[in-house]
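You will see chain A twice below: alongside chain B first, and alongside chain C after that.
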Partner chain A sequence: MIEVKAVEKKFGRKKILKGVSFTANKGEITCLIGINGVGKTTILNAIMALTPINKGQILIDGKQIDKNTFEKITFIPDAITMLPHMTIAEAMEFMNDFYTCWNQKRATELLGFFRLNPSDRIASLSKGNTAKVNLLLGLALDVDYVLMDEPFSGIDMFSREEIANVFTSHLIENRGVIITTHEIGDIEHLIDKVVLLDDGMVTKEFSAEEVRENEGKSVIDVMREVYQR
Partner chain B sequence: MNVNFNNRDPVYLQIVRYFKEKIAVGELMPGEEIPSRRELANRMKVNPNTAQRAYKEMEEQGLIYTEKNHPSKITTDRKTLGKVRDELLVEAVDMFVTSVRSINVPVEELLDLVRVKYTANDDKEA
Partner chain C sequence: MKNYLKLVNFELNRITKLFAVLLGITFVTQIVGVIVVSRDYLNMANEKLYEEMMSKAVFLESFGQMSFLQIVKSVWFVGPIALCIAGVAFYIFIIWYRDWVGKNTFIYRLLMLPTTRLNIFYAKITNILIMTFGLVAFQLIILPIEMLVMKGMVPNEFRTDMSVKEIVNSMPELTIIIPNSVIELILYYGAGLLVVSILFTAILMERSFRWKGIFAGLIYSALAVVVLISPLLLQEFVLNGFFYPIELLVLEIVMGLIVLAASIWMSGFLLMKKITV
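Showing the complex of A and B:
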């Protein structure tokens, strides 16, 4: 389980996170939702200890992030971080050299899943295929938790569907996933848990199935209630 | 297995309903093997945890059964199968009654109309 406890974060004088708390379980897909600038990416960076926090605590399976827990978790940023002149195969080799938890078998499977050609250069790829390579490089790591920043943003409908298919496949099974998004429509049926963020705080944390079952509401219904008060 | 899920009912119950409909119309036969939870999640594009929950619900309702190390199968229990058909029928009639009640039509007149429409459809299908 990832526990984010009363996390505060300032950039200069501006408080971006004002005491954010939520949990994300292993084997579940947790979706962080909020408008742009609400601090979603900052939260992911904080979980990865890529940015220091001013207050609060973040625990991964009960422990603070260190050398050992770092191998349990990966962060897939919203844009690919590989050099554009690299081919997909070279990017995969780079990951293999860099991470002990790289799983070549799963990487090859993902190549097929996304129908990517390993000899293509990253610079030559469409936006949708770039997003798929980006996901592939993260998902091929043998980790317990995967953080994805806006995996669906700015790509066409069919690529979004292919990416969504990952979430229903064994490629995700048993892992804890946190994704950030501001468009929930495509993935409403895929997520377990929703964390709504507004003004640097968590305004609501709920299970998507429970809100449907107990209140007869869709995730979007709840979002409307929270954001259009 | 293309299902159009609505956003306001629990997905696991919508999956259970899908199976009940297939059982009622005979597309799923008693004793027939059904996909694994993983496969169902993949084919229906739903969360694997949700597929798991749907199967658990169907097991509890006696719609499916799972023997050790074998795929789950549709029940062969006639009573349960009959209940599925009745349940869907009553539900459909309930919906129909609710929507025509506001028109305030005498039940005999309504039944005549139902008879005509129902057999007209039969002719069309034949």
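Showing the complex of A and C:
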């Protein structure tokens, strides 16, 4: 389980996170939702120790992040994390070199799934294909948790559909996923848990299924209620 | 260790082109320099001997024989060395900032590798060292080639042949790059390593705290220099020559090691706890 406990984060004098707390379980898709600048990416960065927090605690399976944690959690940011001059094959080789949890079989499967050409240079890829390569590099790791930052941002409808298909496939099965997205419509029916953020705080945390079944509302309905108050 | 070596290899591959360009410029410029300086000398000799009808003995007495030192002291030789030094100095900053700047988010990948983040620091500093030693080694390799070119152009009676050691010793600036003894090598390159580690720490401070980090980096660098030269300051202004030179040298080495350890510790702390992508 990923536990985010009373996390506070300031950039200069501005407090971006004001005591954010939530948990994300293995085998569930947790969606962080909020308007731009609310601190969604900062939370993911903080979980991966890519930005320091001012207060609070973040635990992954009860432990603070260290070098070994990166073999059980991966972060897929909204930009490619490989060098532009590298080919997809070279990027995969890089991952294979450093991560013992790299699953070459799954990487090859993902190449086919996304119809990517391994000899293509990253710099030459379209935005949609870049996002797919990013996903490939993250999902081919045999990790327990996957963090995704805006995987649908700025890409065309067809690429979005392909990426959304990942969420219904075995590639995500049994993993804990934390995803931030604006394009909630693409994966709304797949989300298990929703964390709504506003003004650096968690305004509502709920089970998507309970809301659907008990209140007959979609996640988007709840978002409207919260953000258009 | 394995991951450190993989990172070193990866970083080396990233500078191959720049490195090859620097080596190419050095080789071409210095060879052209040998040809130009030798030809100038020969033109002058021809002018004096055949146009002004000066005898060879008088010419040699008046203008002397040509030695490789004339080439070494020309801009053709010193220029590329200065360029290489500037290139390495520039690269000390680029090696970090290129992973952050613009659309490049490679720093995400580096920081998320399942290895101690200090390995990134070690790999980058090793890269700078390898680059420096590589350039020096290349210079040592091409020196005899350049001397051969000069020998091929200037007749025996018009030139003084010098060994590489004599050439290096005749130019104090060169002895810093190509030291005369193992102790000098450790001292000069140790000092270089120290400077790079201090700069790396200052860069990481800036990457961690941005504007405040620039000031912190400057203060840290100044503090490191003060600690480093503190034995010299004490010797000069407080103890009035109390230490023997060898004692002073040992003290300087100890201070250097303290500053190096502090830089590594501080860099590790920043990479683990304070760095921001």
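Just so it is clear, the second predicted complex is superposed on the first by the 229 of 229 C-alpha atoms of A that agree within 3 Å, B and C clash if a C-alpha of one lies under 4 Å from a C-alpha of the other, contacts with A are read in each partner's own complex, and residues count from 1 in each chain.
Convention: a residue touches a chain if its C-beta (ideal position, glycine included) is under 8 Å from a C-beta of that chain, and two chains touch if they have at least 3 such contacts.
Small disclaimer: the values here were computed from a predicted structure and weren't measured.
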Exercise. Since both structures carry chain A, what do chain B and chain C do when superposed there: clash or fit?
Worked result: fit
Exercise. So, A:Leu83: does it touch chain B (first), chain C (second), both, or neither?
Worked result: second
Exercise. Who does A:Phe94 touch here: chain B (first), chain C (second), both, or neither?
Worked result: second
Exercise. In the superposed arrangement, does A:Gln228 touch chain B (first), chain C (second), both or neither?
Worked result: neither
For this session: Determine, under the contact definition given at the top, whether A:Phe167 touches first (chain B), second (chain C), both, or neither.
Result: first
Exercise. Under the superposition described above, what is the C-alpha centre angle at chain A formed with chain B and chain C, rounded in steps of 10 degrees?
Worked result: 160
For this session: Give one of first, second, both or neither to describe whether A:Ser119 is in contact with chain B, with chain C, with both, or with none.
Result: neither
For this session: Report, in whole Å, the shortest distance between any C-alpha atom of chain B and any C-alpha atom of chain C after the two complexes are superposed.
Result: 28
Problem set entry | chain C partner contacts - residues on chain A that touch it in the complex | 45, 48-52, 67-68, 70-71, 74-75, 77, 79-84, 94, 97-101
For this session: Over in the complex, which chain A residues touch chain B? Could you list them?
Result: 27-29, 164-165, 167-170, 172-173, 188-192, 209, 212-213, 216-221
Problem set entry | Interface residues, chain C side, partner chain A - complex | 3, 6, 10, 14, 103-106, 108-109, 111-117, 208, 272-277
For this session: Please give the residue numbers of chain B that touch chain A in the complex, ascending.
Result: 5, 7-13, 38, 41-42, 44-50, 53
